[in-house]
Amino acid sequence: MTAGLLFDLMMALAVLGTAAWTLAARTQFAAVIGFVATGLLLSLVWVRLGAVDVALTEAAIGAGATGVIILYVVARLRGGTAEISAATPSRAQRALAALLAVAVGGVLALAVLNLPDPAPSLAEAALAGSAPLGLGNPVSAVLMAHRGLDTLLESVVLVFAVLAVWSMAADHRWGGAPGPVFRREESGPLSLLARVLPPVGIVVGIYIAWVGADAPGGKFQGGTILAAMWILPWIAGLARPPSITDWRLRLMIAAGPLTFLCVGLAGFAVADGFLSYPPSFAKPLILLIEAAMTLSVAAALACLIAGPPERRLPPESMAADRR
Amino acid sequence: MSGTDILALAACGLVAIGLYGVVAQAEVLRKIIAFNLLGAGVFLLFGVVARRGAAAGLAADPVPQAMVITGLVVAFAATALALVLTLRLHQITGAATVAEDPPSGAAPDPASEP
Amino acid sequence: MTQLLLLAAALVLLTVLAGLWRVLRGPQRADRLMAAQLLCTGGIAALLLVAAAYGIEAIVDVALLLALLGAFTSVAFVMAARLVGSR
Amino acid sequence: MSVVIGIFSAVCVLAGAFFFLAGTVGLIRFPDTLSRVHALTKADNLGLGLIVLGLLPLASGAGVALKLVLIWALVLVGGATAAQLIGAAAAKDER
């Protein structure tokens, strides 16, 4: 048991160390790398906490996808050092902030260490609720049934985020393809990877989404892999992202929430109310929602990672616009 | 002290580090990174609570886990929006902070080139 | 066997943390770009060892996801660093 | 028979962990960026390969064994590509 304790201590120190290093890093670039390192270490901590579902999500979204989008913004910011040092709080203010942070952390620590023992748990209720749905993974059951409204709203948040990011585009770029332009690489390692990895990655992404019914995994984790595999050929310049006015892209992004909402509304007619499933038909309905959501999460995450449109329209579509 | 307690303290430490970063750093981008660290600490607290609620043969209580998964995705969406706003602010005004005094001689908007 | 696998996992993690300390220090940007790859390879090894030690197959899926996204993240980082360099 | 397999697994896993150690020693000791990239990718990928080889006999089924091999293959492809790109970035930085 002491080996496990030492392991926890090591991980805790490593996470805190990289987090502190992230704040202290001299360049923004180094700070992002520190942040990603913290995230990857955290996903190991989640495994240690017995939350494999969360470990998958943290590794995919918390570390990987967030790190990539921050780094692409860092690549385009050129901060003036004079402006930054003028805006940096004074030494006294920073000391005050440190005091505040330590106080908040201390109070939290006191609260966490004095939680009631034995801890209250919904594990039994969740397990009892997941069996009639035909789902072997209680986390998926909670996401799809008991807290279904959360998941529905979350998928709507993703759609709104895409809308908001697109609306940040400069006026004359509206209708272009999302993301910066990358030079086409006909040969070389990147073009090889962009050709070899997506076929394998798409299979793995669908597998992770599919297995989520009975084992750790699910639409968000699988969808992130699919998004990454979609973006890889864009980065290598081998494929062009679709235009943001393309109705197929928009349908893909909206398909998940729409399906979820329709099934939820149908619950009024065939089951006990909004977002409830008829018991004999629960599993197929959940699978339908999961499939549509995987597609939507993949499309929305790909658009969020790529950012607002920065590419000009291809010549042929410009001509089509003028006509 | 159990391993879960150690990780609980690490979560509190992450919250403190993130909070300090959000308050004490000037650059918007670093504030966003620090805010994500703060969020990671809060999520980890949920994980500790889930672990303490292990019952019925499960390694951890599934309800807090599901809430953290929802939270991670929403945090990503919010981060993406914050980053795009930061970038657009920088493109229009040339600023990397949200100080009261905007820098004189704002950079031209690179996105408005023909 | 379980003890041996856990010992190996701890050893791998320790070396990864030592390497991380070196990589984060830089001095070049390329040094820091190695962090994602170092943590992914080492993290995968540690996860696989822990999965075998405790017999939890789901952890293998985490390693699979790390293998895929590690490659993607490393590549995306280098391309972003190129964007920085081209300025 | 199972003793032989156990010894084989133990030797492979320990050898893999040793290569991770060697990779980190190289990472810390090597003087320039390019040789550090080299130490990281070569030694760590070999170490992971040995660990996968050692864990294969312990896998509970063909599916898990297939996943283990796939993971190693993905790390090899991804690691090789990333090493090339990082090396190119390092060479560009030095110029």
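Note that the chains are named A, B, C and D in the order they appear, and that numbering of residues resets to 1 at the start of each chain.
The working rule: a contact is a pair of C-beta atoms (placed from the backbone, for glycine too) under 8 Å apart; a residue touches a chain by one contact, two chains touch by 3 or more.
Just so we're clear, the structure is a prediction, and the values are computed from it rather than from any experiment.
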item	value
Chain centroid nearest the full-protein CA centroid	A
Distance from subunit D to subunit C - Cα centre to Cα centre, in angstrom	10
Gap in Å, rounded to a whole number, between the CA centres of subunit D and subunit B	32
Distance from the mean Cα position of subunit D to that of subunit A, given in whole angstrom	28
Averaged-CA centre spacing for the pair subunit C and subunit B, given as whole angstrom	22
Sites on subunit C at which at least two other chains make contact	29, 33, 36, 40, 57, 61, 64, 68, 71-72, 75, 79, 81
Shared interface positions of subunit A, touching two or more other chains	7, 11, 74, 76, 78, 190, 193, 197, 200, 204
Touching chain combinations (by label order)	A-B, A-C, A-D, C-D
Partner subunit A, residues of subunit D touching it in the complex	70, 74, 77-78, 80-81, 84-85
Residue numbers on subunit A that touch subunit B, as the complex places them	4-5, 7-9, 11-13, 15-16, 19-20, 22-23, 28, 31-32, 35, 38-39, 42, 45-46, 48-51, 53-54, 57-58, 61-62, 65-66, 69-70, 73-74, 76-80, 82-89, 93-94, 97-98, 100-102, 104-106, 108-109, 112-113, 115, 117, 119-124, 126-127, 138-139, 141-143, 146-147, 150-151, 154, 157-158, 160-161, 164-165, 168, 170, 172-173, 218, 220, 297, 301, 304-305, 307-308, 310
Subunit C residues within the subunit A interface of the complex	3, 6-7, 10, 13-14, 17, 20, 24, 26, 29, 32-33, 35-36, 39-40, 43, 46-47, 50, 56-59, 61-62, 64-66, 68-69, 71-73, 75-77, 79-81, 83-84, 87
For the subunit A and subunit D complex, residues of the former touching the latter	188-190, 192-193, 196-197, 200, 204
Interfacial residue positions of subunit C with respect to subunit D in the complex	1, 4-5, 8, 11-12, 15-16, 18-19, 22-23, 28-31, 33-34, 36-38, 40-42, 44-45, 48-49, 52, 55, 57, 60-61, 63-64, 67-68, 70-72, 74-75, 78-79, 81-82, 85
